[in-house]
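See the structures that follow.
Two complexes, one shared chain (chain A), two partners (chain B, chain C).
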Partner chain A sequence: MPNPTESPAVEVVELQLETDRLRVIGVPRRRVDARAKVTGQTRYADDIFLPRMAYCKLLRSPHPHARIQKIDSSRALAHPGVYLVLTGKDLPIEYGIIPVSQDEQALCLDHVRHVGDPVAAVVAREELTALEALDLIDVEYEILTTVSDPEEALATPEPRIHDYGEEGNIHKRVNLEFGNVDEGFAEADEIFEDFFFYQGNTHLPIEQHASVAIKDPEGKLTIWSSTQTPHYLHRALAKVLEMSPAHIRVIATPNGGGFGGKSDPFNHEIVVAKAALMLDRPVKIGLTREEVFYCHRGRHPVLMRFKTGVKKDGTITGMHLQTLIDGGAYGSYGVASTFYTGALQTTSYHVPRYHFQACRAFTNKPPCGPKRGHGTVQPRFGQEIQLDKIAEKLKLDPAELRLRIAEAPNAVTANFLELGTVGLRECIRRVVKISSWNEKFRKLPEGRGVGLACSAYLTGAGLPIYWNAMPHSGVQLKLDRGGGITIFCGATEIGQGSDDVLAAIVAEVLGVTTFDIRIYTGDTDLGPVDLGSYSSRVTLMAGNAAMQAAERAKAMLTEAVGARLDVPKERLRFADQRVFDSAAPEKGVTFHEAVCLAEARFGTVGTVGSYTPPRSPAQFKGGGVGPSPTYSYSAAVVEVTVNPVTGWINVPKIWIAHDIGRALNPALARGQVEGSVYMGLGEALMEEQEFRRLPKRLSHALVHKFPSILEYKSPTSLDMPEIVVELVEEPDPHGPFGAKEVGQGPLLPIMPAVANAVYDAVGVRVDEVPITPEKIVKALAEKKAGRAPRFGPTYFPDVDWPEPLRVPPPWEGGDGRAVNEVRRSSSQRKEKVLRT
Partner chain B sequence: MATAPAESQKTARIKITLNGEETDVSFAPYKTLLEVLREDLGHTGTKHGCELGECGACAVLLDGKPVLSCLLLAWECDGCSITTIEGLGSNGRLHPLQSAFANLGAAQCGYCTPGILLTAKALLDENPHPSRDQIREALSGNLCRCTGYLQIFEAVEAAMVQIAEWKKPGA
Partner chain C sequence: MMRLPLFEFRAPRTLEEAARILDGEGTSAMLLAGGTDLLPNMKRRQQVPRTLVSLRHVGGLKEAQLTPSGLRLGACLTLADIARDPRFRNGASALWQAASQVATPHIRTMATLGGNICLDTRCNYYDQSYEWRKAINFCLKKDGITCWVAPASSKCMAVSSTDTAPALIALGARVLLVSRAEEREVPLCDLYNSDGSDYIRRRPNEILTEVLLDSLRGWKSTYWKLRRRGSFDFPVLSVAAAVQLGNGGIAQDARIVVGSVASRPLVATEAAKSLVGRPLDEEAIREAAALAGRIAKPLDNTDFDMSWRKKVATEFVTYALRELRGEDVRTERQRLTRYPFV
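Showing the complex of A and B:
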């Protein structure tokens, strides 16, 4: 058991690297796909135009909750230019991203659950014609009672939005106990109980979702789509269309931004696939911006209660976290999201006893799902603000408190997460230094303040979404006698630079440049499976697979060149497009010649690589969410100015340190950090996916308050503060060249750091996001009136929690299993998998 | 199945100079410049994110000025000169803005990039030495969800230096 009161120096893991010979890794470079992007040649899904292509539009429900009594599409079908009208009976098989939540239909058969749920599809020669024909479809609805938020869901078990889930309109409840928290609270000198609310928000990728499907010349299905997860779309299509996956090709086109919003298999993708197969012509759909808002799958609104016991020195003795989650109308990733609202609380600070309870409710709003930081963002907001309150009460500096309680490298946490390198302390020290924290905190004039917060994030989900024993990532490498190298991999380029990661790793190993490499990714026909661009998994998982394939190719070339030059294999080096004797560098062959020698010796030169994450010790039910090969860490300081009269907030500067393990391409790594900070700042200050009820005379529907880019406020170039980025590079043995994630983690500390800075500036707590001037003014009024100087929720509703699963932590002799769990046999589990 | 309009709808016709090339195009009269560029002229480098003039992804240059092509009917552009991303480089070489964006990480997903590059070109054409605040102001109508804008500002500044080098006498 690590002793949290000590502050051991960050353990430096020695990686077996000859750093002096890295020529690609760690060098800021133009990414491999940059030229295509700056010349407008990147082909996104909507840029595909094919001969005879027809256009699809979806008729969407205007009601948040209703039974479909009758659909008559005869008038639409008779409209000139209309080829096809599809309804729910054409695609009745249910699907969904998570095996236990197969609750969506591509077109609703008899039940609509949110405004925007699709009920029919029109395919026509022109997009405008399809749009006109939507008005000619007659649908009769029986309006049902709607549920607008989780508290209403708890109070309204009937009518049920779904006929599965725990009971009533509760989708999922979790109750996990890692040690006895009451004992922890009994040991505590101070106990803190705080309530927080995190409003939902959405991804807002600038590219609207689009798909084009064809029946290919052989009669099989091909679909190009703006998806982050071509493999999961592949599976959903096979299921709903009742086709062999071998006859379906999914091509994930480069995404014009994803952020998690293109990770579910979508109804529109299934609809155009079906239509293309029926019509034997290409069918395209492009969603409008309003439709993208209603597709959503974004950040869950979460109400939280944190009860934390601490010793006078800051040591945490126990933590009890409760989360109430607004799931929207479908399961989506929700089961995973629910576990994620409590999974990572133990990864940054040592928590010896931890009790986590979560409840996700169905509501009649667009489904929530994974957005950058998936489910961990909301509780991180609460935890880091509560730490700020704890530090103040204990008269400790917030940075010092965190340095004291930071978790140790390679620790196993109370909930059995195995950590890798932990650069948290180094991140804190660096950000304190570069921000001049010690000269600013509680020392700036009224109206100006600084706030600090930290975070941790997964470097890839340790378990796949559906149970299987196969690798999470595969790479095939082809070397041709022209000296060319081609990478085939299912990884999906969503802007994060995954193609560049693959190219950089292979180029480094084989001693060439990234320009010497061709890359085919995101295509289920061409490349081996990669599970997708989610959970910050690609750099580590696809990267390790690429590394293995490249090392295997290198071994073949080494043997062939060694034999030709009569040089011992261990003396050969690969660099600058040559293979040469390290003892006599002029003695060597070109890379091109090396490939020819290998082909002559072995035949066609091709290799494969794959990656499967290590098995997690968390073997209790629900332990599948949270494990990762290793975790990234971040610490941020935000400076704000707050007008004490208007509440107007300005953020002039942000400092952030991120423990990335190693930056494969520092230019892109910095871009990921800055982009995360930007998105976090949007969530902190303005972004919200909010719904309102139309008046009773106008159907009383729950509609999106502002389904447009103009009204859904996000930061512009004028809103961006100066950002100072420090990359903490402490190579992690799990990552390729030591790399950990960078795409999501740096978002997490921003929102709580803003909240803590507001408190430093004007002495009021805004315990919810977005932190708006209006809320600050209200909190200031409370302060002036002598009441608690805060704005935020004040209670957590009663939830009928199930019996907790009791999992003794490692230091209490636990083995990662619950002592009171009835375990399914492996044959039962396999049967379940086959059914889904 | 009923017969459809399609080709017969192409009743509007304009002549424009597209990326320096005389271009004659027929199209359905309700179409925006954005739609005609992408659908009737095959210039898919121009993107769209809202079709309501909110995101800036569809920005092109109309007689050298940045406009949102989703807010213009194509027939309004008769006789105009239009520059799209396909026409930003010349003689097989990238424009300094394109090189700088590529080298400095200013394009992540790349979807907002064409609109931002053209807006930045219009800025540098008018003001060869903009301050950081002037760059911010000029790009404030172009949303980018990936970068946080900072690498974009840096790329515009790097291109500004590069262009100034080119313009030096004897360069």
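Showing the complex of A and C:
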């Protein structure tokens, strides 16, 4: 410390810096729920045991596609210990996560659409009894023709899996044109056309879904469930049970992982709610791993065709992307997923003209939907591999190519996405440096290689799932006389650390520690709505709401303390559990005293905060998917070894840089990046949601190949390579303390980087995931035979595309609307919302 | 959660008592050792014994004795016991490597050697829940009439998936089978049938009590396992090899066993014979690898593509023999397995 008598001026400056220093934000901390988790005290849904609790099991369809002709549950009902058998007749109202896809029934009434579709529910005293009784329910089916993939769906319009959608078994078609790509191709020096296939895969959270429902003492419904979206479950329950939402309480228990797999309202949740109300007893269901595979709504299998024109220097002149999407048996988030397969292609590199066509088909398999990176993972895989091919042809280093074409900060893209800060270049530079890319790329011995890829991702979807004008996130704050602070928020802790983020933000603003804060989240009775833990939205949206509530509380305390201490408000600081004069830090009160002063002055101290994302300039139909307050960026380098005889692949090391804006808790942020790398590696190398047909003359079966956590291959912690994580922090004005997302983005570059590394190692392209040794061996054989050294799809089937919506990009004078769109009036739109 | 069916549980304290119960119950009883195979199978209703006879409290089955003539291993030694025991790191290292690569650390502390030898055969159409199997109308091995792997076949082709059996066969192991009335010693390679349903020649009333190994002086052995993940997974191909090297590195005797490509471990007699009397040079290795690879006829009922598995069989024999002649193959091994035992 400098001597105050000698240099007073210096001391004031230093003191100010000291009092303004962030004490919680940016400091690596143990997360607020860590103790409960590591000591086994976290109560997951399946840990709930209540007196008189009954157990529920679902009878699921053994047929991939059939009409239910008759259900006779009398034998099951007569089984000792059985309390109740429910069938489709008891819950006929259709629901679904998206207003335009209300196509699910909690128990299928007359039509089953995949093996595993629930047909009846048994509630019994013991789980084993319920299980035994399932075999006593007699169901007669009429078998229907099955559709196993989108190409079959295109060729098989009848029988229809659903009686809505575009036509036949096509659920959704999209055709959007942002500028004339043919002009773009005419300007190009080189045109690249490539086909890619991204196999479907599943979330695989360690916690299997579970729910417990009760008729509470007052006669209302309460349900505890492992859901990422309590608000949407709340709405679905109200709809199907025909109850006022005011009489339903949804409590999202901490999720043992979600990754998007717990973001739909699920049939089992509705069934136990109904059963609890009917029996006036707690009813529990815990799904088996196999049943989780049937819930699925994971990564869509997507076939892609990328046509891209470039100038010699790498500048992209136009891009045409087509995607064919295997939706599975229900809509789920599928309409959004369909748009997402083309929404973010423009966010990382400048694409002046862009044509996007997508088609999602229904098939007789468990429905697909959002999994970490929702819909953007598949086209990112294609785009980043194609860039690698482009770089090679143009004789450019892949990192250099990307640095040249990276999109500028605050740009508005061809499809009217407004970007915020763009740390892409910095990510590339950092990852190139820490991986010693320049010493490795195309320089390693045969059988060893490195690959690079980048990505961008949303920080929260700009629009809610159902049309409404209310905030996306709300927070209530209660400050009590004991100096305690309680946060109430609908946000759901799914392991990603959202509770910690809320606590950190409030603690920082009010100058306390996260230990001084209590958090009640994911409970529709206790906290204001937060739309849910999906689309990487919680840190930014609930975080901003928390920040606003905390700032409002701070203003009240400031006023009360300022009056008491007679210090101008601007001079007051909140830090170290005190409120004090920054000019004379010893002059102050404890935080506890500050709350008492505020309560004495204003009455009970409570504040609220909320957040609504900015309005997007993308006003064309379909423009609701893609906008976000800001986007995160990542760049990764993967090193592989490939055995040239067996094709065996090994990944010794991965380097990744992620542009997070600001890491609120760097320990957690790194965990998210590592978790993404882990998941990405699984998708790259082994994960497959694969189905098999039996010989058609003998069987109509269409079953999941291996719905078990042993045979559905996913890497374990021991299989992980060394990972080096760099966080690029360039605060974004949209995020709380400048924070952007980190939960999903870092997954995206991993798969294409692995593919590019395999090419660097042995000179063959595997243009699909998973990249397995068998495929590498096949590609090596092609290479040896003098054919194209690759493994992957070779064509894109004909799709009857609708007329494109023409949206001129900003630089062609576009205003974000389609020039050929017939617009519905807003009253029509409202009517539609009410109907759904 | 998946639930066990109801069963009667018996916990005998002596071998005689266990043998007596088994004799009385007939085929409706099954022995329970670590339960890491049997209990999951019961949850999936692949096996639904009315009575479980636990071996946990039966004395004398957990010893590993080094005798002048060789080794006697109690059937209830756990795989973790074997993986830990330095006595297995020389001649018997194939056994040690095989045991160390079974499943996960948690499972190895439960899993026994006897259970591993008697492990049920595996198949993608069979190792599924009751509900899943119902959706394919079951299969020949259990409750059904068709083999979905080979619909024309009247025999089940489920795969022998034990890691220790190929290793033990390569080491020339015998097993002791004890029933109420008799006791018999059987060479391990004769314990198995080429039939995925009726895969083991152990009679229902017999208890496997011991594994017997002759002295392995002068022998070197190794075990190579193929699986998707280096951390854990059942083998989908394995190669156990043992050679007795004499002066000048000339092979005096050799055994090669290919596992997990048929309903029983396959003894590659021709391949082993081709090595005898020669040094393990490139040509000898190439020849033996080709001969051993020829007998591997994997089917499409495990993880990975079957033709690729066959290709790897040849490679693995090569790795094994190169390792046995003293080459450093640690890099190959490290890329296949995540255990630090190499």
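One rule holds in what follows: the second predicted complex is superposed on the first by the 811 of 836 C-alpha atoms of A that agree within 3 Å, B and C clash if a C-alpha of one lies under 4 Å from a C-alpha of the other, contacts with A are read in each partner's own complex, and residues count from 1 in each chain.
Quick note on the criterion: a residue touches a chain if its C-beta (ideal position, glycine included) is under 8 Å from a C-beta of that chain, and two chains touch if they have at least 3 such contacts.
All figures in this text were calculated on a predicted structure; none of them were measured in a lab.
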item	value
First, second, both or neither for A:G675, with chain B first and chain C second	first
First, second, both or neither for A:P707, with chain B first and chain C second	second
Partner chain in contact with A:L154 - chain B first, chain C second, else both or neither	neither
Contacts of A:L805 with chain B and chain C, given as first, second, both or neither	neither
Touching partner for A:P62 - first (chain B), second (chain C), both, neither	second
Partner chain in contact with A:V32 - chain B first, chain C second, else both or neither	neither
First, second, both or neither for A:T716, with chain B first and chain C second	both
Which of chain B and chain C A:L128 touches, first, second, both or neither	both
Which superposed partner A:V777 touches (first chain B, second chain C, both, neither)	second
Chain B or chain C, by number of chain A residues touched	B
Overlapping contact positions on chain A, where the chain C interface meets the chain B interface	46, 128, 208, 288, 708, 710, 716-718
In the complex with chain C, residue positions of chain A that touch it	46, 60, 62-63, 115, 127-128, 131, 208, 286, 288, 290, 641, 643, 645-648, 650, 686, 694-695, 698-699, 701, 703-708, 710-711, 713, 715-719, 772-774, 777
Sites on chain B touched by chain A in the complex	1-6, 9, 28, 30, 38-39, 42, 44-52, 54-55, 57, 84-86, 88-89, 94, 97-99, 101-105, 107-114, 117, 135-137, 139-153
Chain A-facing residues of chain C, complex	1-3, 5-6, 124, 127-129, 131-132, 134-137, 146, 148, 151, 228-233, 303-305, 308, 311-312, 315, 335-336, 338
Chain B contact footprint on chain A (complex, rising order)	28, 30-31, 33-44, 46-47, 49, 78-83, 124-126, 128-129, 203-208, 254-259, 288-289, 494-497, 667-668, 670-671, 674-679, 708-710, 714, 716-718, 720, 723
